[in-house]
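Here it is, the structure, as structure tokens.
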Amino acid sequence: MNLQVYLSGEIHSDWRQQLSSGVDQANLPITLSSPITDHSASDDCGTKILGDEPNPFWKDHKGAKINAIRNRTLIDKADVVVVRFGEKYRQWNAAFDAGYAAAKGKPLIILHPEEHIHALKEVDAAALAVAQTPQQVVEILTYITAESSS
Amino acid sequence: MNLQVYLSGEIHSDWRQQLSSGVDQANLPITLSSPITDHSASDDCGTKILGDEPNPFWKDHKGAKINAIRNRTLIDKADVVVVRFGEKYRQWNAAFDAGYAAAKGKPLIILHPEEHIHALKEVDAAALAVAQTPQQVVEILTYITAESSS
Amino acid sequence: MNLQVYLSGEIHSDWRQQLSSGVDQANLPITLSSPITDHSASDDCGTKILGDEPNPFWKDHKGAKINAIRNRTLIDKADVVVVRFGEKYRQWNAAFDAGYAAAKGKPLIILHPEEHIHALKEVDAAALAVAQTPQQVVEILTYITAESSS
Amino acid sequence: MNLQVYLSGEIHSDWRQQLSSGVDQANLPITLSSPITDHSASDDCGTKILGDEPNPFWKDHKGAKINAIRNRTLIDKADVVVVRFGEKYRQWNAAFDAGYAAAKGKPLIILHPEEHIHALKEVDAAALAVAQTPQQVVEILTYITAESSS
Amino acid sequence: MNLQVYLSGEIHSDWRQQLSSGVDQANLPITLSSPITDHSASDDCGTKILGDEPNPFWKDHKGAKINAIRNRTLIDKADVVVVRFGEKYRQWNAAFDAGYAAAKGKPLIILHPEEHIHALKEVDAAALAVAQTPQQVVEILTYITAESSS
Amino acid sequence: MNLQVYLSGEIHSDWRQQLSSGVDQANLPITLSSPITDHSASDDCGTKILGDEPNPFWKDHKGAKINAIRNRTLIDKADVVVVRFGEKYRQWNAAFDAGYAAAKGKPLIILHPEEHIHALKEVDAAALAVAQTPQQVVEILTYITAESSS
Amino acid sequence: MNLQVYLSGEIHSDWRQQLSSGVDQANLPITLSSPITDHSASDDCGTKILGDEPNPFWKDHKGAKINAIRNRTLIDKADVVVVRFGEKYRQWNAAFDAGYAAAKGKPLIILHPEEHIHALKEVDAAALAVAQTPQQVVEILTYITAESSS
Amino acid sequence: MNLQVYLSGEIHSDWRQQLSSGVDQANLPITLSSPITDHSASDDCGTKILGDEPNPFWKDHKGAKINAIRNRTLIDKADVVVVRFGEKYRQWNAAFDAGYAAAKGKPLIILHPEEHIHALKEVDAAALAVAQTPQQVVEILTYITAESSS
């Protein structure tokens, strides 16, 4: 079993590095993928490549669509999708990805601090696991990719 | 053409009533549907029907899943999904519904005030229309259900 | 909202009648459907219509397939699937229906006595609600088909 | 032809080892996969990784969902699904997997002792082969992966 | 339960009339549909409507495609597909329809005389019932559309 | 058999009226639908409803997406899609609709003058009928909705 | 481009060898697969592995289903399906495979002598190429796998 | 991330070579594929392999269908589809491919000169990026396949 795991959501903490380190140390048969996490590169990709837009809506629109080429492709290829909600920002794209992945039948692992339990109840209800730390996600990935004892 | 339109998102303003009045006044061939918008009924349905839970996570879990029976069924039956993001709260369930509907190939109309343009760019990028007022949504629904002149 | 609800599982208690009475009394916009619950009619339909079989395996095989014409069609048409596990028998067909419905993306309500919690954990994990009495299922159906207050 | 074959069901006999030995001896182009068959590891994975639960229902729920991440992924990747029903226990998860795999269009091979013919008739009716011994399954896998004589 | 049943296959005997009479007499909630069974109308529709073709292959091609507009639409709308193989002709279109319906997940009832058991084994293996007379098909349809006794 | 037929393509001749008259005169069980064929209404709907755009690309973008809400919904609901290519303009939207409908498995009838045979060969190759006049399409629709003689 | 091509149909001439030789000589990036073409092995596999059946129908049934495990898996994995109809026998399984592959959206190449044009018109109408010799099929496969000149 | 990218559309300029050079120079993990771009080979493949046709419609039909075996297979396997519209010809096949890819959920990048903005508005509305030069497409592909900085 070799799994593709997509890491969606928060880009302002080092949770992806923690998770990636854990996967490396456990030597798991897992390939991780992510959106572009360089915030300004992600925000500016549309106008930088396809030309300036005076209206901020269309600037964002061009950029968000180019990011969607990457992100929807990676979610479609993923076996498991992990979505992280952090303390800051509205992170509607994280919740959008969770809904998108749920509708595609992808097993979802949601990662968020305890304070968001009520606000994320619909998202958590669609998940197969709700974790609070990247280390817990590593343990889940370790468990589900173990060789069976039989 | 008789359309099913599902109205997802914000439950703390009267946008659904405005939209419903507009649809009625224009006599459109449209059936509107919504989640349960009585906030406490929605929050409490799980424990009220299936028994108390001491842990708030499981209380929310039970309730969110019962609401999902209604809401996913209505989205699956909808021809068009309208998702409203308001000024308050995190509204992750609205973004989740948008992602779910997008992955199911449902035409999306997103409704939000201008201030959320940047935060909602990924959601807007998946939509076929982005409106700022319920009246605009009524005009879109009027236009798309018109008898063709031919 | 008019829902099709399929009632799978146990045929040796009156849970379907209880559930049907509750739906009638609440005047819900719901059409219930079921497998053929006359035990001997269900067991014998294959050989009765298509000819005797000396080998019990093929007798069962013919009958189970004719029942499958009815049951899979009804599950495929259903908006919600309720599966009841009773105290007696192995009820593998109930668990099979639950897995079939889950893979088709149908919202599942599982109904069983508390004693089966551990044995049914994989089935319950795929459900959007786990109830212990037909009355609870009626309450769920009442809640999810309510007119929204907006 | 290189086939992925998932082995679902009974974990209290050595049928997987028998089948695996047979596949090895015949040098078949087949990769076998299984659920986690260490009973207590499987039962406890939820609370061990994600935290204790005083209520046995939620303990089972957490565990069953983590196992579902593994098992549904493996069934979705499988070309053929073998489901074994043993003499003991209710094995509703085995029947659930059979229904899930059937709805996904996976060819099913069911393996069970003769005494369960009547109780498993609906499951057997959805299968492409019903065997009584692991050796028979090995022979089927040998036959279907043979080089064609042409 | 109101079922759409498509009657594919042989057009040189009166099996459709027998089946239709049986459905009428039993007052079943079933709508039957068929290909165009007027042999020459069916053979000539392409060139009659869209212009002559000197090459018999293209004449047949035009006609078969127009018939496909009707027949694939009816199979796609059908809940159950009945395919009749008669004593004469090669009836490859009947077997094609059976394969098409099987891949679409439609419950199949195959109707043929005993002499074709060996030649039709692959088709029969994909069916949920194999009957020898139209009356048996009527009995199956009666059984599967019965009100449940519960 | 009651069919939904969507009429895509050219909006500068009266082919839809001819086809509609023919359907009416033949009293066919067919409901026709179309895009908005008022050229300026169609071009301007985006900016008229959702606000002006200085850049013609975004003006067109807004309008085309609102039209897509209508048109994709109608194609998705259609049983048969007719696409007309006229003498003038590039009509890339017609060819886009044909490709979209083909990928959705909709039976396609293409209607174009003889001069476009070579340029439309890929589109025609995906069709079940290629006609030159609206009257031929009416004859096809008459034929495929006829009561079968059996 | 590396293509999987499944060769269905007639097993009483050497067309598969001719086609395979042509593919080898042209060094095409193609992997061919086939049903088991040893006639008696194919007929007897069911009873040989799973036990005798006194009734020829069930003997055929068991065998046809084991063959279906192989054949449907291979069709599902195939990029292109070639179906050969020969001079002899009814070959309903070949037409069934063609219908099954068509419904799965697989590009179909049909191979048959000129005498069967009329009897195979519905099958040919679903194909993207109709050839008369294995060499023509090799030429098609050569053409469609060529490096593009650009 | 290794992506399959299909290049559809115009065959009379060197845009594919420009794009391919850019991909090579940037050493991107991308495999490009194309239709057969040798114009006369593409036009003549049908009659050359399968025999002459006196009627130009059928000559084109045979050829377009053989090309469809290649092109639909490549679109179905593609992660991203780029469609180029040039200055000349009607290029209905390009718009057809865009519609086909859109309905299959493939991310679309459309490439065309500014003069076609209005005529291509429906096609552009279905795209995730609209570029004017092959170099811009290379930059998009570079961006979406970058290693994430996390």
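Each chain gets a letter, A, B, C, D, E, F, G and H, in the order it is written, and its residues are counted from 1.
Assume a residue touches a chain if its C-beta (ideal position, glycine included) is under 8 Å from a C-beta of that chain, and two chains touch if they have at least 3 such contacts.
All figures in this text were calculated on a predicted structure; none of them were measured in a lab.
Enquirer: Any idea what the CA-fit rotation angle from subunit D to subunit F is, to the nearest 5 degrees?
Expert: 180
Enquirer: Among all chains, whose Cα centre is located farthest from the one for subunit G?
Expert: Taking each chain's C-alpha mean as its centre, the farthest from subunit G is B.
Enquirer: On a C-alpha centroid basis, what's the spacing between subunit B and subunit D, in Å?
Expert: 40
Enquirer: Quick one: subunit E and subunit G, Cα centre-to-centre, how many Å?
Expert: 24
Enquirer: For subunit D and subunit G, what's the span in angstrom between their mean Cα positions?
Expert: Chain centres of subunit D and subunit G, defined by C-alpha means, are spaced 30 Å apart.
Enquirer: What are the residues of subunit H that contact at least two other chains?
Expert: As it turns out, subunit H has residues touching two or more other chains at 65, 67-68, 105, 130.
Enquirer: Using the touch definition up top, name the residues of subunit C that touch subunit B in the complex.
Expert: Interface residues on subunit C, with respect to subunit B: 1, 3, 79-80, 105, 107, 109, 128-131, 136, 139-140, 143-146, 148-150.
Enquirer: Per the contact definition, I'd like the list of subunit H residues that touch subunit F in the complex.
Expert: Listed in rising order, the residues are 56-57, 60-61, 63-65, 67-68, 85, 89-104, 116-126, 130.
Enquirer: Subunit D touches which residues of subunit G in the complex?
Expert: 11, 14, 16-17, 20, 33-38, 41, 45, 49-50, 62, 65-70, 72-74, 76-77
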